[in-house]
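Below you'll find a set of structures to go through.
What follows is a pair of complexes built around chain A, which joins chain B in one and chain C in the other.
Moving on to the complex of A and B:
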């Protein structure tokens, strides 16, 4: 071989080897199989600490492990009498949510091109002050957390700015509060689940996602001994699907979505039959619904309905309540009927019954009471602003709520937003709503701030758990409460409080609790229900109640998976494994239906189809499941995010965007409609 | 039935299926406690890795006769583990007091024989590079090493907690093999808000599992394969117990395995 030939061969060989993947693959594999992997994280170790606090996501009391200043994980607090150490899947994700990629890290301002640019806090504070000043008398404030005492600061700030437009996100609590007040209840409606020996839950998945879940489940544990001895509490669950609560209930009574009122009327009628309590409101309304007629309309059998009534009658401390999956209010009618049933059973203001939780006066002079805030309707507000019947506020503050994702298009959130001159989102996580706002400010996560959980909806007594910072705020996040107090100072407004710990101390003093003791122990203050304030329950509102609408021919049942986060958190990093293959598969939301329904629709297991509603067609994968009523399809909410992080996006569609919201006649409260079709894909 | 090896201390679980609501708190706690790397998409269940998985069971009947139950499935820590006998590199073993089947990931060569031999699908191959994006690795527990792609993983009954509990007992001058029940609990047991999971030494009469495993409602999964699982389940529902093994029509559930075997001869 000549010199030139050798050089050509050597050069060609080198280029060939470098270009070929073989050498790199071999090196890569060598690194693996000799276990010289440099890409798995090395563990750090430091001093261990355990800090007691409470989850601001669902009110679960926590013990948080901190190691070398890093928050490692959230566990239940065994010393807490309210939860007995129980943990919910969402609260278990607190540490991962603290560090996840979706955290808003720095203030972001939207530019004229629609893109966001980082700004520093001094610039953000300048804008905040300027916009608030300009919006005097025209400020609206939306928050997702109805159980925080910090709402007193936010509502006082809104009021001091000359506006009463302080809103909570729509919820069951709003509808129940309306019903309770309309029927003569005072204060807050309470459900004494802990002391009841027989529970009928209509739609409320109370062992998974409704009310004070950790507490409810601690009660369930206590009343259902593992040693096989008799349970101390019977549970009846009425709903469209055999869900988490139904799986452990004594009986599941199938009730088609949209017929909950009819089911409750059937029970009311059956109870009224031999009752000494005769009320024209009840007899007039329930006369049309014999057990047979009600059962036929709901999809259950008359026998099932009669069995429930018999169990309620024979129990010494029965309790009946209604509810839905997150944010899917059914209006006030179901709650009124549930209250009427408890009344018929003599269960108002009794241990283990429906109880009147005394109203707590607001802590700050200009703050609004929770009950008054609950009377305000965010969906009605959005619709009115969108159609021009109400002047749009100049400025909207949003605290960790995600209405753009959670509310149906016919709530007209986007149209309302378009009319509001400036929108500021205070968020710990980047959400679909953040992407619609002009300024996004990073606020402290629940483990980074002082806050509290005060008598959350579903409680059976006045209770209070203090949240304290487990760590300093990460990134450039700031606690919203302190930010609003500082802003008020800048604007010369006197809210009547200097900082959040002082506000929380005011709450402790109002309850007669020792602030320092609860701060250190992480215990839940619970008030005994010994001295009930007796309300005079009036059944009069039932007289004006219209007959319930007929059930839709085919119904959509939207349910939640407690592990898969909520609209404000997105899907937590570890939660993807807890989303089952009957909830998400092949990138599609799964529509579960029973075999008879599928055959009727010409569908088979694992075939593609569309859920069709007034808001459009959503692709789904059909999965057969016999624990669901005929002519009903169940689809999980919480999927289809377009924002947050890699753990939340590219997962099916958001079913909430395909649901329909109607307004309940009389109360004007939102009612989620289950009318839908499933058609071949 | 003879054990693979006899132990003075044999940790196990009794899971009350009539109390499990399938919420997934156990799954979430398990991942956080054991540094199981998060997955962006776990919808392909053949590629998803779960040390503990909650299954939804059905009585197989059509609506309206249908019933549902949720079943959490950790590693069964079998008395006669079929995975141990097939491992060519002794990456998995059952050789320590406590009766926990170990999984030594630095030894594992990823051949997956153990996965094929495990009748409970309790073992998972790590298909992907473990990745905690952004600052998520800040939340890594200092107690459990992270594992690379290409190895098999499984539930260890939070073995690091067992080690800590034993160390503490020794430091206090107590017998590390006579730990009180509360001294060593797995993350999933602690997390379960319904108290559906009870954990302890199956050989210790002072631990609740000792009595509970003898309940007429207790059963084990695929018991007659002879794996001698250390995880027991409880259910008052006959159909649930029948799903636990391949029973003949005339066979009754809730009988000790030896009785069943004697009757069948």
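Moving on to the complex of A and C:
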């Protein structure tokens, strides 16, 4: 072939190749081939398992999907009779929280310059042992989780070290149990929501963030069929905001923050009318506010209040309870009034009423009872240490609590911390409180350890769900329970238990439950409320209460959103997609109010303003929302973190640092005040 | 001096014309359409010659017994050794393949689905939800699908009536199966304007790529 012929042949070949798919599909294949380069991350597929456990964040029973030892997803447990598969936003974020970048990965020690340096565990254990030995008799211990049986280990350890200063973070539970015990309740206060046919909740967002939410939602599902048949339970919600509970309630009764006691007094007065039950405490109290006067002070109408009373009277199993957003206790007064109303309705220790949950004896010889721990007041402790009326402990242990973020400046947490010689924070996630401590130790996340949820506040019966590790602890995290037991051994203290599974087995034995069965199934043990010990309710403590303060002209309502996590988790990764964009602006909170209120204040939608409290002035963005009652602004808590990770830091502002805490006369329990002003920016 | 004007010029070689071009063209087309594609593919056999027909017709099993949606919406595409061992802990037929499966997988605790070659395996960055492509979703409008199997066969090889698994053909360059669906096939539905407003079959990137 001559040159010209060859060129023609080559040209033909080229045209042929171009016209065939060879080149193009090879390019396509090469594009796919690049996905196989070694440095590109691969999915790690392995054995697929579904493990039953419980969320340690809010007690929701879970089924966790684990693949090759790696947690993929937390779902509700449909086989669990307590929650019936319900899942809360906080429990759903468990898998993300396990791997999120705010995890404390290694022991951290603060240096002289205030910065933190990684140390190894042997060094951390040496410091832990040395500091605990030095602090004999002067150790304080704060924990955020009041429903764990591991508190027996922690409180026994505190007691064995010669101290009784074991605290829970402030909560509704503290105030409610104080009221319950003051009025004659012998165990723990319980709310039999499942068996009630008419519920009045004053401030307790029990279908979203108060009590046993997953269980409460399962009850709601059962009592509110979607097939058009009649609901088996009426719900009345009294509060400042149309929240998730109010949205599905039969009636939302607007009640201004700070007037909850007045509202309950109005109900008590109306119930006392024509009642054969004559009690000097009730007649004395009910005389303070007629239904009309109470309604006027609260911001609702007398008709609304009378309708609630009528519904409660006509129901066969009514239940009345009060509550707030997490950690925002209103003191014991509201709970005493709620107990008094249940008493008037004959609902103490009845199915669907307020029930006395038998006190469980501590599992360990030196452990303190839950009731005794609840009587201790962390805020009062901080204030006394800060003002010098109480000697500061030499050592403070903090278990996954975040008081520096969650408590208002009135609690004087920082001043108290400044007087404590050494502070050790055991934390799964880096928080504002970690940043104030001398030693930060990584502890196992709820999905990495043995633990339990034992009759959390808001329960209507004794119940118990076991948590078990679904994966090995990540990074250098260690389960705190095991760490404290080992520390006790090192110090020669006998706590009476060798490891956490043995402790949980003790709990199972105390309840008469089969440990292995509950461990494997993830079921919730529930004790029937059949053997009630009827407490003799005394209304006399009510007489010691001062008349409620006058209703504030304008009030601040602080609410929580489960998507924003809790003070110990920050905003879980991906959960901020469930929070509106306008809530997440840097340094700026959103004050929601209705149009009439905004106009009265000379404000308009999306304008800047300030919320003023005794603790300062916080810039806010006004957002109109007709689900807020008049003369009230609602601000979401859980934002404005300065620590955790990029999903939490500088998202919004922290209203909790502006709210005011007063101490309730008589009980010295903290009362979150709603007093505030909103002024033009 | 030589008279150059008398030189005879050689006749032009026509050995050419369109001949060489056509030869080159045809040869390249044959190579491009047939030889190269077949050279790129490596044929592989499944670890066990699984017989779908026997399981469906003789054992009375349904597709859903092995291929089902889990409670959380994920899809159990392949049964594991333990599931197979619930019947085949010991040999129940005379089949040599069954004996081999028991000896090599059940007895030794080897996981069959780790070795099974998936004809439709997608890259790690593609998230396909079987739950979102169920009869309840697609079959509502596409009434041409009378059975779930028909819907499955839109993407998958119809193996229900096979007595042994089809040969697995792996691309030597990309390492994916020749049957793996590519984006244009996904977009046949996802980019179809007929789906807009009536389904959630958006063609946005993050619908499939996470």
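The rule is simple: the second predicted complex is superposed on the first by the 630 of 681 C-alpha atoms of A that agree within 3 Å, B and C clash if a C-alpha of one lies under 4 Å from a C-alpha of the other, contacts with A are read in each partner's own complex, and residues count from 1 in each chain.
Note that contacts are C-beta pairs under 8 Å (C-beta built on N, C-alpha and C of every residue); 3 or more make two chains touch, one makes a residue touch a chain.
Computed from a predicted model, the values in this text were never measured in an experiment.
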Partner chain in contact with A:247 - chain B first, chain C second, else both or neither: first
First, second, both or neither for A:108, with chain B first and chain C second: neither
Touched partner set for A:73, first chain B, second chain C, both or neither: both
Touching partner for A:363 - first (chain B), second (chain C), both, neither: neither
Contacts of A:43 with chain B and chain C, given as first, second, both or neither: both
Touched partner set for A:182, first chain B, second chain C, both or neither: neither
Contacts of A:325 with chain B and chain C, given as first, second, both or neither: neither
Overlap of chain C and chain B interfaces on chain A (superposed complexes): 32-33, 35, 41, 43, 45, 73, 75, 78
Footprint of chain A on chain B - complex, ascending: 14, 16, 18-25, 27-29, 31-33, 35-36, 38-43, 45, 48-50, 53-54, 56, 58, 61-64, 66-70, 106, 109, 129-130, 132-142, 145-150, 187, 190-196, 198, 208, 211-212, 215-217, 234, 236
In the complex with chain A, residue positions of chain C that touch it: 13, 15-16, 18-29, 31-33, 36-37, 40, 70-72, 74, 111, 114, 123-125, 171, 173-176, 182
Chain B contact footprint on chain A (complex, rising order): 32-33, 35, 37, 39-41, 43-46, 67-68, 70-76, 78, 83, 85-89, 92-93, 95-96, 98-101, 207-208, 213-214, 217-218, 220-221, 224, 226-228, 242, 244-248, 254, 474, 561-563, 572-582, 584-587, 594-596, 625-630, 645-647, 650-651
Partner chain C, residues of chain A touching it in the complex: 1-2, 4-6, 8-17, 19-23, 25-26, 28-30, 32-33, 35-36, 41-43, 45, 47, 50, 63, 65, 73, 75, 78
